[in-house]
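One structure is given here, and the rest of the page talks about it.
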Amino acid sequence: MIKTKSLGLTLTALLLATSAALAQSTEIRIGVALEPPALDPTAGAAEAIDVVVYQNVFEGLTRVDQNGAVQPGLAESWTVSDDGLTYTFKLHDGVTFHDGTSFDAEDVKFTFERILAEDSVNAQKALYAPIASVNVIDPLTVEFTLSRPDGMFLFNLGRGDAVIVAPESAENNANEPIGTGPFHFVQWDRGSRVVLEQNGAYWGEKPALTKATYRFIGDTATLTNALLAGDVDGTNNFAPEALAVFEGNPQFKVLVGSTEGETILGTNNAKEPFSDLRVRQAMAHALNRQEIIDGATYGYGVAIGTHFAPQHPYYLDLTETYPYDPEAAKALLAEAGYPDGFSATMKLPPVAYARLSGQIIASQFAEVGIKVELINTEWAQWLEDVLTNKDFDLTVISHVEPFDVGIYADPNYYFGYNNADLQALNEQLNATTDDGKRKELAQQIQTIISEDAVNGYLFELAQTGVWNAKLEGMWQNSPIEGVVLRDIRWVD
Amino acid sequence: MNWRLIRNHPSLLIGLVATALFALLGLVSLWWTPFPIEQIVVARRFQGPGPVHWLGTDNLGRDMFSLVMSGTLTSFWVGAAAVVIGIGVGVPLGLAAAAWGGAVEWLVIRISDVTFAFPSVVIAILITTLMGPSAANAIIAIGIFNIPVFARVARGGALAIATQDYVSAARLAGLGNVAISVRHLLPNIMSLIIVQGTIQLSLGILAEAGLSYIGLGTQPPATSLGLMLRDAQSVFLIHPWLSIVPGLAIVLIVIALNIAGDGLRDAMDPRLKREGINHGAG
Amino acid sequence: MAQVDIENLTISFGDREAVSDLSISIKRGDRFGVIGESGSGKSLTSMAIAGLLPETAKVTGTIRLDGEPLPADEKAMARLRGKRIGMVFQEPMTALNPLMKIGAQIDEALRLTHERGTVAALLDEVGLIPAHADRFPHQLSGGQRQRAMIAMALASQPDLLIADEPTSALDVITQRTVLDLIARVCDHRGMTLIFISHDIRAVAALCSRIGVMQGGRLVETGTTADILTAPKADYTKRLLAASRVERHVVAPLEHKQALLEVRNVAREYGHGGFWPWGRKTLRAVDGVSLSIAAGECLALVGPSGCGKSTLARMIVGLDSVTEGEMLLEGRAYRGRDLPPLLRAGLSLVFQDPFGSFDPRMTIGDSIAEPLHLLGRISPMERQARLKEAVEAVGLEESMLSRYPHEFSGGQRQRLAIARALVTKPKLVVLDEPVSALDVSVRGEVLQLLARLRREHGLSYLLISHDLDTVAAMADRVLIMEAGRIVEEGTPERLFAQPQHALTKALMAARLPDVA
Amino acid sequence: MILYFLRRFLGFAATLFIAAVVIFVLLDLLPGDPARFILGINASADAVASLRAQMGLDAPAHERFFSWVGGMLQGDFGVSHTQRRDVAGLIAERLSVTLPLTVVAMVLSVAIGLPLGILAARRRGKATDTGLMVLAQVGIAVPNFWFGMLLSLLFAVTLRWLPTGGFTPWNEDFWAAARGMVLPGLALALPQASILARVMRTALVDVTGQDFIRTARAKGMTTGEAVWRHGVRNALLPVLTILGLQFAFLVAGTIIVENVFYLPGLGRLIYTAISERDLILVRSATIVLVLVVSLVSLIVDLTYALVDPRLRRGDA
């Protein structure tokens, strides 16, 4: 890349560098806000891990495409038994890991036994709990037996949490990930960047890019400058407040798409006064959703009235369940015994959408008499206080897992919602494989949580990518976390 | 300090008046701002300066002038409280070192070396982790860093004073170290401390801005000039005004404080007072 | 033609005139002395001749050097003064660059004027040895530093030497040798000398002509003999009168009962090491015994660094002995352990009247401070004591509410004495009580001290290196050298028949009386 | 002289030891269990307990303290909890960014500040002096992250002379790494250069009033020559003191500038390590920072003694 002999020649060097970039347009530098703590997607929950390695370094049996549909991955085909309990996968032949070891059914078995093991540190272990056993039929055939039908099973296999790892290298994946993907890991300069290069021995179609560098730039202003200066070629999710810099600039393209992130006003249903439905309804009436969307996402978020992604075929528009109506909110509060409102705290994790939404909500709640004290926390503190100890009144958080409405059936989950009817419905939904039936059940659930105002339903996060105008093949939507490099290429 | 002193040092007057104006602006915000700063009206955001909003509005439609008033107060408050911590702990330490000497002095020097060597930002991060981010956290982190500064100034000043005969005279009169420190040393190093105080105050305001920038300082819905600057930084290219207002406010306050500090030093330092005829007197 | 011709010189700072309308003419080979108190403008005049006035000074009038007006161009002036004028200043410690070796500094003077002399020859001429060239200023004694300054001044072969209070920072013996050195080199090289001093005897000893300055004006000029014998101006008369010290001896009391006894006292300082065992110890006071009788004035005389101040500090309880003990009215103590009530029986008057009062406290509060030693006393008694003390030193009660900067040096020293008296002590230690005062007020203060001694039956321990003060005050004199007492006797005896080498040197160093 | 060195060195060692105690105690107070943080929120109590034992977190405090300090003395800084890598290596990697950055900033601030300070002192009271001192006031008053961003907008985005940030390891491309230091170095150096210019000016003005300058003028130098040949060196003494103090400010300032220019420095390492409760990493990295700062002030002290002969006596 840029090779300079002296600082005095910077200008010339820059011209050379620019022309060099034009000639060898097979490299990409991507700016991302968060640096992953490690690089093993099966041993950590951080989204930042998937951004770097998902489908690039690691692959699963299936993979999720940019529309959220399940495609064959390392498994070229599969069959499902009629009762939905047995899945048989036919694996691709001639696949090797980056360290040269070959991939076969034993690796699949190892991967899933590792996920399900007692001391497993997989973040989504619960998703794979229905797996009763994994049987190696022959080196290229593997059979999964489930303890109950699971409508999401094939999708879940395509997640970053279920990528296939080798027993030889699994231990070191945190620092030196070894997978089967189209790119292999080259180096990780902590605090600065991760470098991937094309895997020459890749089993599938070769990607257009030969090298990809992920640069970690946490500060929006700095990332803006880096994009403008051409120090990075794009970013998958750029802060919406500064998008205007790139809109209308012919050198850049701004990709606005959907994500699976339902942003909610997390409410502690187990605690006074939020255990009172009227209080929750009052809060729902007090929320001016459009103002929050405008203020916190600069209009890029999509309003939701329940915990479900709007782009999903099962989605039901319930945004008018409790329309913005401060008078109704005051009346409900008075009815619940809080004519003068009440005081509550709101713990906010260190992400811009939460901090901004929190401020706006506090201002809106003040209109109806609810005095909110904002408590800003770092991630570790937030996880411990809210998720683990449930020591909170209110919070703002985006749930980015796809199809995660099942969390409402868990009375031990942090918002403490305990509804037996809903739990039964969810049970039924899990056991159903028929699409029409599933849609009906899912919509029933959506309606119940919306009417119960379990949480305040704010908006679906948008994916707002900024890329060099000459790049193509980036995912516009984000049905699953990751920046998939497979189809990205430079065009003139 | 008297009026003649101020008249003879016009820069001191400018510095003090400018500082006082900003301080007043901040203090008034306790009772009155043109608009409440917690009030968010997204619909009126990013307005330029105008008759309703004199300095325009920010990304959440809050009145910039109100924010600057409140932010100035926070910045001053953080800086001043940190100075108070620095003086409250540092000056007694420095006086003790000078008055007792020996092991006490050794210990004070070590303590001040250690606090000096501790990067203040690391202290701030640690305190944030212990207590959560807040303006109070910034006060403590900056205040801790102020302690050795004042300890050094107090010790240096006191050592110079301690050689004076009137200190020996007080000792002859049977006064102990504490009494001498309070009666003689402290009043005579007060001017040094005041001058250093203005400098540390301006440094504190800058440090608060820095801490707010990395998210360790003042937290919304409260605001400080540093926080305003940080919030505006990412939209600098689109709405530069939002950055320029708090940035300029910080620069002006710090300059005002520094000018006042310089003026005080010139006015109080007898060495400089003599300047001009210091080759004259035989 | 006069070598230096000053006409109507006026120097002012802002609207204040420091030198007014001064005209002097100095002939080649003259030794011209300028005498005056601090602030009289004598130094400024000499700076004006050398073109060294600060930038803030406004100068009118003309100065001619051999008939040529001083060049206006800074560089030309600098070269001229480097070549023609040698200068020696008061404080040799600060006048030398602390970071440069002596040799290098002298060498620089040589090279700036392209003279062919050598550093070694110059050092030799001023009585230093070649090894001194390799030292830094702080490694030399005050006298050696002043010699080095003179060597530097001589490097350019100047024909005019300006010496501005060259000896007032030095002790008696060194003072004399430096004055002799200046006289010698002036003779030897045939240089014109302008010698500035507040000490009329030094000027008289060295100069052939004298100019007397007061408040920026030249009040009188004439030959030394004329000035000394027939002064015209009142001010000159007063100066001459003040330099003659009268003897204020009080007849010794009948009962010579010892008030203070010092027995075999020693004080050691650890020096030069971090660990106790690596330390060189310095015995500042080495086995001193003395006693002071009630009503007696005992003088302790010695060169600077001989340990006399250390001894005084231990006696008054500011420091403690390493060995030996002291008895005040029969009660033994080792220094700092002096109990409050006993402390009240003894006090100290400091040398520098400017440093002995807290500038932030009223004089009254400062003077009342020692009353603390007497335990609780009523405000009325406090006020009475203050009044008594202030009136005893000839000042008024109304002055008690003022601050130190409102008083002159002489008044402050009186106030310091008042503070020393406020607890009605029996013994007062006087640490160089007049050496920081202008000559004209010295006599008054000494007189005051004598009167107080008479009226209150005080005993004095007088610490001084000034033999005149000693002669004026003391009943008995101790000569101290390197921590030891080397000779004892009445002033009369010592002046007449000094025994010890140091005593002899001290006596020899005395400048002749002007009377 | 040797005694003086020894004394300073002992003070330095004592400072480090006290710092180690303080760091250790502070971190022991930190809420949040590192074992739980690593294992995540779903880990069982057993697993957490066994990881705690593995990491040696269940030993008594004084034992852990001494094994940490003892290890460091032997060059063993331990293994990072979260990154499972040698702490010494991690720190060295980050120091290769932070140290050059501070040095560049230091050099820049001296190269900018001292000449301007001398110039201002020489033109004292004139327009140049006033102009420079006003500039210095502004330089001190501009928050460095703001200034850094403006620099980046000008030199990286508009002119494209230098990168907006990021770091290429030295051994990979030396010049790229050096280029990456320029803007952050400048951002850090600006306030320090302004301070230095002011200190240099004051010191020089002070020195100009000293007797030995008058002596030099009496020898035949103009004020300018005297100040240049005798004043500057003497004026450098207070400047040297300030320089030592500034190093601490620079080190503290790097963490903010590292954020603006996304440099992988030691400050950011500590920042992330604290949020991940990687205690071994935090305390070792912090003590290294303290070591660097104290070492520099030790060096400044010793240099002071070398420059100023008056300090070479043992009792200084």
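As written, the chains take the letters A, B, C and D, and residue 1 is the first residue of each chain.
Heads up, the rule we're going with is that a contact is a pair of C-beta atoms (placed from the backbone, for glycine too) under 8 Å apart; a residue touches a chain by one contact, two chains touch by 3 or more.
Source: prediction; values computed, not measured.
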| task | Name the chain pair with more contacting C-beta pairs, choosing from A-B and B-D. | result | B-D
| Intercentroid distance (Cα basis), chain C paired with chain B, Å | 45
| request: Would you mind pulling out the distance in Å between where the CA atoms of chain A average out and where those of chain C do? | output: 86
| query | What whole-Å value do you get for the distance between chain B and chain D if each is reduced to the mean of its CA atoms? | reply | 22
| message | Multi-chain contacts only, two chains or more: what residues does chain C have there? | response | 52
| remark: Listed in rising order, chain B residues that touch 2 or more other chains are 129, 233, 236-237, 278-279
| Where chain D touches two or more other chains at once, by residue number | 32, 149, 153, 214, 259, 275
| request: Any two chains that touch count here, so list every such pair. | output: A-B, A-D, B-C, B-D, C-D
| Parts of chain A lying in touch with chain B, wherever the complex brings them together | 219-221, 224, 239, 241-242, 244-245, 291, 294-295, 350, 355-356, 358-360, 362-364, 366, 374-378, 381
| field | chain C residues touching chain D - in the complex, by the definition given at the top | value | 50, 52, 74-75, 78-79, 81-83, 85-87, 89, 91, 94-100, 108-109, 112-113, 136, 138-139, 149, 152-153, 155-156, 271-274, 278
| message | Touching residues of chain B toward chain D in the complex: what are they? | response | 109-111, 113-114, 116-122, 125-126, 129-130, 202, 206, 209-210, 213-214, 226, 229-230, 233, 236-237, 243, 247, 250-255, 258-259, 271, 275, 278-279
| said: Touching residues of chain D toward chain A in the complex: what are they? | reply: 32, 36-37, 39-43, 47, 82-85, 90, 93-94, 149, 152-153, 156-157, 160-167, 169, 173, 175-176, 178-179, 182, 259-265, 268-269, 272, 275-277
| remark: Per the touch rule, the chain B residues reaching chain A in their complex are 38-40, 42-43, 45, 59-61, 128-129, 132-133, 215, 219-221, 233-238
